[in-house]
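Order of writing sets the labels: A, B, C and D. Residues in every chain begin at 1.
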Amino acid sequence: MIRFAHVTKEYPRTGAALKDVSFRIAKGEFAFLTGPSGSGKSTILKLIFLEERPTAGEIRVAGMHAAKIRGKEIALLRRKLGIVFQDFRLLEDRTAEDNIAFALEVTGAPRDTIGTRVGRLLTQVGLASKGTSYPKQLSGGEQQRIAIARALVNDPFVLIADEPTGNLDDRATRGIFQLLGDINSSGTAVLMATHDLELVRRHEHRVIEMNRGQIVFDSTDPAPRAAQER
Amino acid sequence: MRLTLREAVMSFARAPLLSALSIMMIAFSLYSFGLFGLVALNFRQRFGAVEERIEIEAFVDDSTNVETLANAVSEIARFPEVARALPVTKDEALERARRDMGEFKDVFDASFLPASIKVQVREGFRDPATVQRVADRIAAYAFVDDVRYGAEFVERLHDIRNVATGTGIVLGIAFAAVAIIIIAATIRITVLARAREISIMRLVGATNGFVRRPFLLEGLATGVLGGGLALLLLWLSFALIGRYIPLVFLERPMAIGGIAFGGMIGLLGSALSVWRHLRRI
Amino acid sequence: MRLTLREAVMSFARAPLLSALSIMMIAFSLYSFGLFGLVALNFRQRFGAVEERIEIEAFVDDSTNVETLANAVSEIARFPEVARALPVTKDEALERARRDMGEFKDVFDASFLPASIKVQVREGFRDPATVQRVADRIAAYAFVDDVRYGAEFVERLHDIRNVATGTGIVLGIAFAAVAIIIIAATIRITVLARAREISIMRLVGATNGFVRRPFLLEGLATGVLGGGLALLLLWLSFALIGRYIPLVFLERPMAIGGIAFGGMIGLLGSALSVWRHLRRI
Amino acid sequence: MIRFAHVTKEYPRTGAALKDVSFRIAKGEFAFLTGPSGSGKSTILKLIFLEERPTAGEIRVAGMHAAKIRGKEIALLRRKLGIVFQDFRLLEDRTAEDNIAFALEVTGAPRDTIGTRVGRLLTQVGLASKGTSYPKQLSGGEQQRIAIARALVNDPFVLIADEPTGNLDDRATRGIFQLLGDINSSGTAVLMATHDLELVRRHEHRVIEMNRGQIVFDSTDPAPRAAQER
């Protein structure tokens, strides 16, 4: 599903955020991405959904070469991904409902199904009563859950979640995690960056640990520094 | 399409100030341009009336017989540069002199005013060189004593026409250029104001086309509204000034063309700005 | 103060497009306004020259003796409405007629042209009613046979002047109003574009004054630059057209006034927008 | 230092976010504010630094009546507070350094002291090398730490922190917490909204727990629903 081979990413001025990173996420897998602040977790995720391009190395996502993909194909790829951004990125001038609906509208989904799907997801993230609020009128945790709902509304092949529970209390976190578990068992691969080691410990999923732009631990591979993709 | 329309209407509603500014900008630019065009149009009209007075007068020898004169007149009338040629008899000349000179009317008598041929020059041949040539050709008739055509008047008119045309073209281009720059900048700001929104849309899977379409529709609408507003302002100015000075207004095709031009500017401005923006990110 | 200046410069640097648009907007508005003013100025000048020709001519009975005439002339010259009064003798009248009438010069002789008094009306008294009154007063002299002053010409000029002044005032106000609206809208957009920034500044303890000051400075600078650009454009237009038609340019105080006006508009526009914005949040 | 008496806050449309909330934070106290997402924590903090005004009830902060305070006094009060916003609120077009320095500049601090203070705080939050980066060039956790540094640069009387460790890993959280502890022991009161129950449990500080806009538990007062401010 996702394959990184010797990927390096250098930002202008700040230098290398990723150095020779290689890993592979299989179809239907659930993996945590952990590591200290600034270790490159968000950078990996951004490379997957093509917000950033790698400086060197090869990235394949859902069979597409990230280096070759262009224009409309990028949009088509992103529609197969569900993305929860670390900073939410909700459209400020649309209600919570409309934000979620937007992810369906871009795919050209029939109008009559959109309403019911959006309603169901709002209920699932526990915000059925907040559908008509604008992002500014929502609490931090509520915004985060709307962002999660938007990522899921599409039935994505892969869910990319960047710190999706950073603003949620324990009970809400469990609820969201339940949701991610459900979606994972229906075949969606999940890659989730998180600081919540408690969460990581409680679940028996794969863990990839980053430090200073390199993978220092991968629970499915005891020798992560040896390249896996030769 | 429904979606595009809804998005476009929503973006008007969401940023009314920006939309209003764009409309005003286009309206103001087109209005300045239109006002200028209106002045030019009216100037041309008036000027045309003055230019029709370019006239060559050939004074005829007293001994010329009527038949020769008539032949010459019809020959001259067939010159390609000539619109009309008319004989003026001694009596007519006297009458005219009396009418023109009011207080001195009693001092004239028919004896000293010569008969003449009046020749009007066709439009397009009213430049000094051509008029001179025609006058020379007429002077070549044996029975013509003297030819007058107000060389200075013709030259002066020609100068003014040249200057007016030149100024008009220069100012017109300047106005149009400034209008386009301003409109492009305004639309660019609308696009930048929505940069975050656009990037989010793309990240959740919107194609460039999807992002672009509402902008284009909005640009078109903005342009058409701006053009309409400009036309309205222009008409009001026209009505106000026209109360004192008789003026002609733009003809219908021109007015409609102006609105269409507004729409085109709006559409193009949007297309360019969005295109540039989408290409960069 | 150093801080304010730095912030103002930084906000230019950070949003060059917005700043450039504001400057262009002010420049364009002031330019339109200035162009219009230039036309008005030149029109007035030309028109003044035409108006000076308003002249009353009083024809004097042949039997009038020279002394009576001279007395009357100096009496008329002292009328408050009169700029100058000049006697024209029979000989002078003949000379003038010969000069004016070219081809017919041989038919005149001194006997039938009367002597006259030419009276020029002072500026400010050139309306039809006043001229009529002066003419009537002159006609009351016993030795005056007839008084002429081209009533139609005077009325026509008066009409044109009224129309031109009216049109000028209306258009001038319209241009100025549109300029101010556009500038205010532009500045409002700059403020809105920084709304988030402003709110953060306030939340970390910036006073309204602290937030406002760089905006005011920026507004002033924008206005002055816009005014300067407008003046430059105006001068270029003037130079370009002036090559063909002799024109006068704005005098220095007016030019400086225009730039100052631009600065004031920029400052006021900023002040209003920021003030409104800060009051709301 | 901070005193809420029967405070109610209703947002337009969404109804009451706080209902009859009363509490008091003493000088130099350290208090956690916990509770599920949407329970009103951020609303309480916003009322303290006057981003929102109460619908009913009385709020006093550093001796000022929130209802009566106007114009310039608001700015002067905020300068005495250090605020870490849940959504960071960094100035996008200034570097990390300049963001921190800005909080000093508004107070009219002498220019030469600003540089050294900013440098010291950058080091304390572990971002000495990121001073010249713009917020967009920083990772989520790095932005959060800049926001914390900005709140502390002023030596505030009261520190108001809304979820200041939501994007930080355990080690960074401990570092930040150390910093807050230091500042607290030098006399600054700290009120910190957080979801991190682990953190709350580890420290022996006062805990105020919210639910649905009401205080349901206060570790210094076993009967929180009985009004404390009669």
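As a working rule, a contact is a pair of C-beta atoms (placed from the backbone, for glycine too) under 8 Å apart; a residue touches a chain by one contact, two chains touch by 3 or more.
Quantities reported herein were computed from a predicted structural model and do not represent experimental measurements.
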- Item | Shortest chain-hopping distance from chain B out to chain D | 2
- Note on the structure: Of all chains, the one whose CA centroid lies most distant from that of chain D is B
- When the C-alpha atoms of chain A and chain B are each averaged to a single point, how far apart are the two points in Å? 62
- CA centroids of chain B and chain C: separation to the nearest Å works out as 25
- Item | Inter-centroid spacing, chain D versus chain A (mean Cα positions, whole Å) | 29
- Taking each chain's centre as its mean C-alpha position, how far apart are chain A and chain C in Å? 68
- Answer with line, ring, star, complete or other to describe the graph linking chains that touch. ring
- Note on the structure: Each pair of chains that touches is included here, namely A-B, A-D, B-C, C-D
- Task: Provide the residue numbers of chain B that touch chain A in the complex, in ascending order.
- Result: 3, 10, 14, 196-197, 200-210
- Query: Quick one: in the complex, what on chain B touches chain C?
  - Reply: 17-18, 20-21, 24-25, 28, 32, 97, 104, 107-108, 112, 159, 162-163, 166-167, 170-171, 174, 178, 181-182, 185-186, 188-189, 192-193, 237, 240-241, 244-245
- Note on the structure: Note: in the complex, chain A contacts chain D through residues 11, 13-14, 34-38, 41-42, 86-87, 130, 133, 137, 139-142, 145, 162-163, 166-172, 195, 197-198
- Item | Touch list for chain D against partner chain C, complex | 49, 51, 71-72, 74-76, 78-79, 83, 85, 89-93, 102-103, 105-107, 150, 154
